[in-house]
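Next come two complexes, and both contain subunit A; in the first it sits with subunit B, in the second with subunit C.
Moving on, here comes the complex of A and B:
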């Protein structure tokens, strides 16, 4: 179902929690809300659910205004970060609870509960109580409650945040498959950019109560229209710096390089550059890279990649992310090579300078 | 291989607790057991009496009547205070300016000492001067606590409800505020009724604190002494003589140490048994 927010705002005790937001969710697929804790993801979800009423603006479900409609009349499901189930009901009764309230007949309830339990791999657990289950199974029960209802809108508020790493990966892989043919619009809130990328679909980046941008996840990652979007949608955090354009040359402190073609017609003056950490390498991997010397502060080595935090000559803290294990000496100066293809150029107002023919290889 | 290190100094650390427990629990209990199996005469003469006192107490109509009275009292107290306490807790605000106000108001009765409560209600219930007594008489109820057993019971129960419902309220409230909002949200999305929310979310989540509330109220009401003693002195007649009041009459009034000791032990075992049964029943289904 097409879900739409029109000029929705939320003010709590004089404080703007959500600034005027227009958002048209992509029906029948994953819509990821990506943002830091406190950015307003949960508030947006509550507004869609009807658990909170917008201060102004309208919420539309399939074109119909539901702004004043109570949550139970919206045919939605919500799965929370904490594993919310009725404590003294069995798993079976928990999954059946939304159907019981909706007064389905017993056979239909049984059929649907068993089907949902099958999908969520809860078959053998049906007679247990939530406290007797592992965290993963408790969350599977909550998810089963969400799918059994055949809702138009399924809201998942950081559903995997409290699970162990392995369980999180398993369930994340399953989720798109589980919701694939159900015809529901799924909203998935997360604070992890990687998770948004893994889920595919569409993503809305949220910062300080604003949806900065909404679009196909891949597009949004590769070609963000705003610096804020790039900043939200980058893990490790995106490297940024003030640069100046002088004719066809760009300079960052003492480092200069040739401006790309699409930037040459722009006026001279200050710009902001954003570089994702994986374009900054301690090895010379591409032709004519931009070179930079930085003092290494912290390093994180995993088996397959090396992450180094370093201070640039202009005093910014940047991050380099490269394949393989690279020996860094903390406190020492290292040379870093930046792939010029990775530069994202923004005007001082935060909008990106984009080219009609952009490299699709980013 | 686990090797146990012997260090006699460890006893030093345990000694204070051992001494404390010895003086405040073990030695008195042993003394009571000692009295309960002996017949005492003047000049500190004691004779072995076996389980004679226990037989006598168990077969005494007086004890049976008192026990029945006590059971009745405790039952009524629990039947009123638990639902009332939970109901009040449900109506209390969960956040905002009124929370501390409500909590302090609720805590007030708990701060009043037992004998003061008894004295207060004694005056409160005076048929000519007391606010309660005079008002009731004004409405045409010939209320007199000192002559009418029903009135005496009515006052005693009202007093206990006034004094102790707050405890149930505070415990239930603590249980209620610890329920995350997400549970209520889930119920709202399901469209669950207010009754279902209480039955399937609030009650199960309050179970642990309610267990404690039942245990505390059971034990306290079963061994209650000061308040009814100051209020009615056990009268009129024996109508409000609860177990502990009777025990004091036998032990300190008549100085029948043997029967009093035997009665104490029976009394103690009853409280212990019931508390254990309650606790076991109420925590039966808990995965610990």
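Moving on, here comes the complex of A and C:
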């Protein structure tokens, strides 16, 4: 179903929690809300669910205004970050509860509950109580309750955040398949950029109560229109610096390089550059990279990857993320090579100088 | 030293149980034996005292009256406290903290303060000497207590549970009865226990507001003692019996009380 927010705002105790937001969700696949904790993802979800009423603006479901409609009447499902189930009911009754409230007949309920339990791999657990299950199974129960209802809108508020690493990977893989043929619009809130990329669909980046941008996840990652989007959608955090354009040359402190073709017609002056950490390498991997010397502050090794935080000559802290193990000396100066294809150029107001130049890799 | 510490809990329990033992053992003695000197156990074991209580309606009706108003009070207190505690745990409203504190201060006022106004009020509306009068009077300190205990338990239930239920289609009353109340049964058990106990042991209001028809057992005990001399054996038997309801209730809520302690609300 087409879900739309029109100029929706939310003000709590004189404080703007959500600034005027227009958002038209895609009816198929996942609509990921990506943003840090406290960015407003949960508030957006509650506004869609009707658990919070917007201060102004409208919420539309399939073109109909549901702004004043209570959550009970919206035909939606909701899964929280914490494993929320009804502790007084068995797993079976938990999954059946939305159908029981809607007064389906016994046979239909049984068929649907068993099907949902099958999909969520809860078959043998049906007669147990939620407290007797592991965290992963508890969340599966909550998810089963969300799919059994065949609702128009499924809201998943960081459903995997409290799960162990392995369980999280398993479920993340299953989720798109589970929701693929159900015809529901799925909203999935997460604070992890990698999670957004792994789920097929669209992403809205949220920061400080604003949806900075909404689009196909891959497009949004590759070609963010705003610096804020790139900043939200980057893990480790994106490197940024103030640069100056003089004719056909670009300058970052003392380093200069040739401006790409699309920038040549832009006026001279200050610009902002954003570079994702994996375009900054301690090795010379591409032809004619931009070279930069930085003092290494912290290093992290994760088996196949080396991450180094270093200070640039202008005093910014940048991050380099490269394949393989690289021996960094903490406190020493190292030379870093930046792949020019990785530069994202923004005007001083944060909008990107649009470019046809695509990044080579994600 | 190690040997000595082993006896410490034993001594403790001994001292703890001594008055109870004395009461129970007295209840099996004749009044003459009690008055004639110190005996560690009944020399002439008798069930006469208990027989009197269970056959004489002025005695056993005391228990019936007490149980009636205590149960009534427990039901009213918990039923009124449930929605109040829900409001305190879920909503922020103007002066909520002050209201909560004010509610608790009702527990601090001695019952004697209220005895006279209650007597006058209940007499004028024709409630004097009824079970409901005592039950209502006791809600004065039991509702605040129940609200306080229940609020602690309800705060432990995440608001996400409420939200999930609404999204699943439950209306508020349906959610409250079918999901929320069963979720906090432990809290309700603890609250009911304390309401029961405080109402059971409260004597002043119960005595002031009753005469014949709703006279509590404690009042019966004091009056019997003054009429036909000291019937100590009988009194001891009556006292032993008053311990039983409390013991039974404690048995049922013993596991919940630990939970209440963990929440710091008991």
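Following the convention adopted for this analysis, the second predicted complex is superposed on the first by the 355 of 362 C-alpha atoms of A that agree within 3 Å, B and C clash if a C-alpha of one lies under 4 Å from a C-alpha of the other, contacts with A are read in each partner's own complex, and residues count from 1 in each chain.
FYI, contacts are C-beta pairs under 8 Å (C-beta built on N, C-alpha and C of every residue); 3 or more make two chains touch, one makes a residue touch a chain.
Bear in mind that the values here come from a model prediction, so they are computed numbers and not experimental data.
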Exercise. After the subunit A overlay, clash or fit between subunit B and subunit C?
Worked result: clash
Exercise. Touching A:141 in the superposition: subunit B (first), subunit C (second), both, neither?
Worked result: neither
For this session: Determine, under the contact definition given at the top, whether A:132 touches first (subunit B), second (subunit C), both, or neither.
Result: first
For this session: Could you say whether A:217 touches subunit B, subunit C, both of them, or neither, answering first, second, both or neither?
Result: neither
Exercise. Where does A:80 make contact in the superposed view: on subunit B (first), on subunit C (second), on both, or on neither?
Worked result: both
For this session: State whether A:101 touches subunit B only (first), subunit C only (second), both chains, or neither.
Result: both
Exercise. Of the two partner chains, subunit B (first) and subunit C (second), which one does A:51 touch, if any: first, second, both, or neither?
Worked result: both
Problem set entry | Set intersection of subunit A contacts, subunit C complex versus subunit B complex | 46, 49, 51, 70-72, 76-78, 80, 82, 84, 86-89, 97-98, 101-102
Exercise. Tell me, which parts of subunit A touch subunit C in their complex?
Worked result: 46, 49, 51, 70-72, 74, 76-78, 80, 82, 84, 86-89, 97-98, 101-102, 142, 145, 149, 155
Problem set entry | Partner subunit A, residues of subunit B touching it in the complex | 180, 182-183, 185-186, 188-192, 196, 200-201, 204-205, 287
For this session: Over in the complex, which subunit C residues touch subunit A? Could you list them?
Result: 158, 160-161, 163-171, 174, 179, 182-183, 185
Problem set entry | Touch list for subunit A against partner subunit B, complex | 46, 49, 51, 70-73, 76-78, 80, 82, 84, 86-89, 97-98, 101-102, 129, 131-132
